[in-house]
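In what comes next, chain A is part of two complexes: it sits with chain B in the first one and with chain C in the second one.
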Partner chain A sequence: MTGGYTGKILRIDLTTKAVSTIDTAKYEQYGGGHGIGSAIFWDLCKDKTIKAFDPANVLTIMTSPLSGTLAPAVAGRTELQGIGAQGYPVEWFTRSNFGGRFSGHLKYAGWDGVVIEGKSDKPVWIDIRNEKVEIVSADGIWGLDTTEAQEEIWRRVEGSQVGDWNALGSARDGGRTTQRPAVLTMGHAGETMSRMAALLHDSGNGAGQGAFGAVFGSKNLKAISVLGTGGVTIADPKALMDARMWSMQYAVAGHEKDFIPAGIGSMFAANPGSGAKAYGPSEQPAVPMGCLGCHKDCRVRWKSGASNGSSCVDYFFYNSYDAAKHGGKQTQAILDSTEMLQRAGLNSFQMEGAILWLNALNKLGIVGPGKQLDTDLPFDQLGESSFVKALIDKIVNKKDIGADLHEGLALAAVKWGRYDEDTKSGILPLQTWNYPQHYDARTEVEWGYGSLLGDRDINEHDFNTLVFWSPSIAALSGVQPPITAEELSAIMAEKLSPYNDPMMMDYSDEGIYSEAMAKLVAWHRHYTRFYKQSLAYCDWAWSDLYNQYGPKGRGMTGEGEPKFFNAVTGKKLTFAEGMEIGRKIWNLDRAIWILQGRTRDMEVFTDYNYDVGAVPGFTTYEMPYVMPVNENGVWSYKSVAGRKLDRQKVEDWKTLFFKLEGWDVKTGWPTRATLSELGLGFVADELEKQKKLGS
Partner chain B sequence: MTDKEPKQVSRREFVTTIGGVGVGAVLGGGLLRGYFLPDQVLAIPASKGYLLVDTKKCAGCASCMLACSLVHTGETNLSLSRIQIVNDPFGAFPSGVTQEQCRQCPFPACVEACPTGALHADATNGNVRTVDPAKCIGCERCIGACPFSPARVQWNPEEKHAQKCDLCANAPHWSQKGGVGGKQACVEVCPMHAIAFTKDIPLQNGDEGYQINLRKGSVVWAAIGMPLGDDGEYTLAPGALPIGG
Partner chain C sequence: METTRTATVLSEPTPETAARLLGSVSFEQRLVGLKMAAMGGANPLDLHTLAEVASFIHIGDYETAMRDNHATVGYIDPSALARWVSEVLKDEELATAILERQAAGEFYGSVAMPIKELLLERIEQCREVLAPAEPGPGRPADD
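Presenting the complex of A and B:
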């Protein structure tokens, strides 16, 4: 018996208000999540050159077979795809995702996902209670912020029954629950269709990038609510429970007595609350807060109740200014600022870039009262929550410079005639496609390359803690990193199949342009497309390559991912088979971007990546860059601070990468041979018809 | 204890002073032979196991609910979990999330309400209060009788009978031994270690006996910077250390 899947995907046409179903079986070969989303998008969005706000844009909100189960750091994640409104100069078909419990409730309600097409004539929300689906007027909800909207929907669906057994329907066996509905909603930013608009679920779970909040706004869709009382069929329940307890040996949870404190190494074995506690006031009591079924619980619930469930850049967009203003300490100001960001439903990465840029322009005398870019934004209050309040108000309500920032950083810079200049100096740190720098393309190249050849900031930390944070913090603190560069390369050679090349860890000045680095980027794209975006294994715990509790530091990757998938579904997937499905999905996505107009010559970083040496300041949180290098056959960790990318060498590296992937090196377009090998002959047919097939 | 004139005791007095000895031992005589107890006190023997929780440690992940339903029914289903986590994601610490476990009440209203004996204290499993599905007629009086909200007895709409926490005495989809002499899935799986098992009857005065501090004494909890105090506050000076306390 195949477990994990419900067998049905909900399909909603907001124009006609038609509600129908799609058989999951048609798309099951793609695994779940992203794979199924891309395949459905391919089928249902006939003209892939349409814009994000076109009613024909197809949004997919997909679970995985592991959603709602006991697999660790996976059960609560939901994958969201469609043509995003953030990409520049092209609104790429893109993805976002979010944690919490939404995907669990979709499964409990009997759905493997939701597909949204069309545009409603009036503002609506979608009310899903098990099999019952209604498109309801959003009167009294449109206009509310993300917190208020959810609370209002909870009132409408559960009334006074929250916390008590609430029957769905009047039949005795119609299902009962004590749980609140799981709601995904936009805030004011989405209602005004800002290209910085995010979607929020519960507290702090954000689909931040891609401007899907604006896409919801363009469809007159305020929110989707789902409440389910069913369960997920598990093929081998004992195996799932055993697997869960096995994995706890790789986590803090399994080591109460022999806990290894701190250290930056394994994400799976990192501390509960570590995504948030250190970024707020240290004296404010809190408790870890986690997604459905998660063992790590990386966020926190604060005593002030502000910014519950937020993490990482939800704080980083502003926490350094809070500290600078308040004697080096974090205060309530950062919690309140993040709370406002979440309620408005704004992309914290765009906000981080915005404040870095505006602050720089203010210091240059270009932005401010009576300046060339005239604004009364109170720069003297930078570091207080009042500054954030004012900035959010301007962006969401299109006031003075906010009217331009509303369109996202790239279009604002174009409007101001500053795009070329400010991305050349880097004071506007847009790395690719209107996505602010997350990690540095000049140093941690697998991040930059993956973002460049894809659709967005990859936001996949599989190597980040091991190749950047761990050696850099060690260098700063004088402490030894948990493993040597040589040991790191040995672990990766074992784990990164099918390439298994230790040189994939070489971030030297030669290594970053090598075929081994092409293998690393390819591995990363394939692994994440399947295991993390289709099966929904959380980026904040998986992959588990190095783990301080594992035998000789080896983490669970290779064994862990198939173990949970097979226990739930009853299938016998191997790790290698999953990697191949990932390669298939990656090629399908590549084809979609090509149909949207992607060419090789567009795939160029912004100028600062080539012209300015890598130093901290392009984000609020990076530190100087110590990375693993292999020089003359010897491994070490070495500083690569100050490095710039060489334009021609990047082009030559792209050629190596395209060759490795079986794409036409002139164009970066997949060939028929590659696509057919992957079972994507139909994709080759369409590309050929459009004269965009690689040869 | 010596043989004395028999004396009347109230239910409350009896339970809170006897502590973990259990009703069974009293009936068996021995040490406490001197007490003469009112008839209505001793119908149902006390459970030999109880779940205790720390809501200031609960992350709201509901892993306990997933594990409970998994080991009992083979599916992960929040509505079939015998422990319920009620979570307001916007609620401020230390409120916002509650852990609603069955209390294995010494005086179980659910057992008393059942007209068929389906809901009973299982003598072969440490007197845990549990449902015999074969005898359940679906009247749901047990659900209505539970004095707690949400009721600790659930309706199982798939198998059509009541069900409740049995301390994993009957958890067929688990490779571990459950019950009062074994393990409980929720205790084992909770990643925050916010659920504990005890053989001692908790104080029956409000929530105090069933909600305890599982944070103090935890090296992990202090190391991750979380408060250890009974009231959810830091026990050391605020911000004194970069770690919890």
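Presenting the complex of A and C:
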């Protein structure tokens, strides 16, 4: 018996209003999610050089075979792809992802994904109720914020009190549910096609990076609503239940009677609510909440209701300003600010960078009333929600300096003639491709390299918690990390197949330019492309490389990912086979970027990464960046703060990486041999036709 | 987490010093802190007043970080802070006191909150110095 897939993907052309289906089987070799999305994009978007707002842009919204099942920290993720509106200098083919219950409802409605093409002549939303699909006028919904739009769609679909039975068929077994439809929508920012526009689902589930909210806006698509009453066929239900119970020994939930702290770095194990409660007012009650089927429930609901479901950077964009304004305490201001951001549908990473940059320009006397960049933005209210409200209003309505910020940070900086100067000094902290620094490429290079060679801030924490957060927070706290650097390198040598090189954990000044670091980045690219973005294992729990509850600190990765996949689908995938599919998808994505114009010489960080060392001083900062290093054969955790990247050594490292991947070292383009080995001969044909095949 | 405190008695600042300590410095003279959060990132934050600095400095206890796998830290290098207070704010006494509290601990978590308290004490002193004089006992408030 096979399971996991519904067997069909919904295809909607907003120009012609045609609704059709794609057989999932044609693309099943890619696993699901991102892999299927990339393959469909390759097939349907004939001209890869078009811009994000071109009606021919193809948007894929894909589930995984594990969506809507009992597999932990995976069932609620949805993967989005298409040409994004955020990338600079090229609007790259890119991806985003969000949690919640949308993917589950798509599966319950009988769909493995949705493909959106064309552009509607008038604002519409898409109403999916099991097999029934309608493109509906967005009159009365267009103009609403993300919360209001969802509530209005709920009213229209349910047509009665929330919680009542909602019958989707006239026959007795036509299906009924008390569930609300799962709605993915954009807000005012998307309607005005801001390159900061996000997509939101329920509360706090956001696909921010890539500006897909603006792509929705360009297609006159306000929202997609889905309500399903079916289920997901499980090939081996007992194996799935057994796997779920087995996995609980790696989680806090499985240690009710013998609780010990999970240990920093044990991402799968962490406590409920841990992704949000540190950011809100300590005196305000909050309860954990999470995505469909998840054991972990990272997020919280606050008593005030504001910012419910938000987590992490949703708050991080502004929490320090709130604290600075209010005597070091988080107040209602951070909850209200987060709420406003979510309702407007804005990308919090872009907003974090915007506020940091604008504040610096204000202090420099460049931005402000009567200044070179004239604005009445109330800088004296920085830290209050009123400042965020004013900034959002200017951006989404294209007023004042917001008219330029509406186009994203990079294009605003270019228009203001500040891009080169401010990315060189670092006051505009764009690391690559118009994506603000999330973690520092100068120190935590696997993060920076992965972003540089891809299309966006990778936002993949597989190593981050182990190589940066755990040793750094331990050093700041005067304790030893849960495991030594030597133990960490040993675990990675076991887990990171097929490379299995302990030196992959060496973040020393030499290690960051080594072949071992190339292996680490390659492993990361291949793992995440398949297991995280195609099978949809959540970044906040997977990979499970180190786990304090696991035998000798070993987490589930290697065993866990295929165990759940095989139980659901009935396939017999090995972990290594999954890694190879990931490599195949990574190469397919690479080919799309190459057709968009990617060349090796474009793949450079912004200048501050090479020119500014974060050395102690009061106008720079000393980062407590403690990382594993191997010096003279000895492993230790050591501060690598103050490091700048060496331009030539980065170029030499890229050559090592390209060799490892089987790409042309002069151009960074994949060769026919590499693509053919991966079953991508048709991709090689197209690259050759466009004179962009590596040799 | 144990923190180390040393008794510090700062002399009353002059009105000029108090005004300077409560004022805002230029962009070039700012102090840059590092805001850290598991998953959220590790990024700089510009600080232009002593009050902002005092509010920013924080570190949660390690047990919570262990349990929740999540915490936030407002990090400022104590040596850089002392240098900023000395060279920009021209308060040698406060700078010396910061260095004393730094020397009394071995790691950031043990010195951060004592330094924060020191800054808050100094800010309070400055506010008192600059506050309008209270009417003295036995004197009419308005004659």
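Assume the second predicted complex is superposed on the first by the 682 of 695 C-alpha atoms of A that agree within 3 Å, B and C clash if a C-alpha of one lies under 4 Å from a C-alpha of the other, contacts with A are read in each partner's own complex, and residues count from 1 in each chain.
Quick note on the criterion: a residue touches a chain if its C-beta (ideal position, glycine included) is under 8 Å from a C-beta of that chain, and two chains touch if they have at least 3 such contacts.
Everything quoted here is computed from the prediction, not taken from an experiment.
**Student:** Just chain B (first), just chain C (second), both, or neither: which does A:576 touch?
**Tutor:** It touches nothing on chain B or chain C.
**Student:** Quick check on the superposed pair: does A:25 touch chain B, chain C, both, or neither? Answer first, second, both or neither.
**Tutor:** A:25 sits against neither chain B nor chain C.
**Student:** Looking at A:278 after the superposition, I want to know if it touches chain B, chain C, both of them or none. Which is it: first, second, both, neither?
**Tutor:** both
**Student:** Is A:244 in contact with chain B, with chain C, with both, or with neither (first, second, both, neither)?
**Tutor:** It touches chain B, and chain C stays clear.
**Student:** I'd like to know which partner A:231 touches here: chain B for first, chain C for second, both or neither.
**Tutor:** Only chain B; A:231 stays clear of chain C.
**Student:** If we overlay the two complexes on their shared chain A, which of chain B and chain C does A:175 touch? Say first, second, both or neither.
**Tutor:** First partner only.
**Student:** When the two structures are overlaid on chain A, which partner does A:303 contact: first (chain B), second (chain C), both, or neither?
**Tutor:** first
**Student:** With the two structures laid over each other on chain A, which partner does A:316 touch: chain B (first), chain C (second), both, or neither?
**Tutor:** Second partner only.
**Student:** Check the residue A:267 against both partner chains and state whether it touches chain B (first), chain C (second), both, or neither.
**Tutor:** second
**Student:** For chain A, which residues lie in the overlap of the chain B contacts and the chain C contacts?
**Tutor:** 261-262, 271, 273-274, 277-278
**Student:** Residues of chain B touching chain A in their complex?
**Tutor:** So the residues of chain B touching chain A come out as 56-63, 66-67, 69-71, 73-80, 84, 86-94, 96-98, 100, 138, 143, 149-151, 154-155, 157-158, 160, 173-175, 185, 188-193, 218-220, 223-227, 232-234, 238-239, 242.
**Student:** For the complex, which residues does chain C have touching chain A?
**Tutor:** Its residues touching chain A are 1, 26-48, 51-52, 54-63, 65-77, 79-81, 83-84, 87-88, 106-110, 116.
**Student:** For the complex, which residues does chain A have touching chain C?
**Tutor:** For chain A paired with chain C, touching residues are 261-267, 269-271, 273-275, 277-279, 312-313, 315-316, 319-320, 323-328, 352, 356, 359-360, 363-365, 426, 429, 437-440, 461, 464-465, 468-469, 472-479, 540, 614, 616-625.
**Student:** Touching chain B in the complex: which residues of chain A?
**Tutor:** Counting only chain A, the residues touching chain B are 68-70, 75, 100-101, 104, 108, 147, 151, 162-165, 172-180, 202-204, 229-234, 237-238, 240-242, 244-245, 248, 251-253, 255-256, 259, 261-262, 271-274, 277-278, 281-283, 285-297, 300-305, 308-309, 329.
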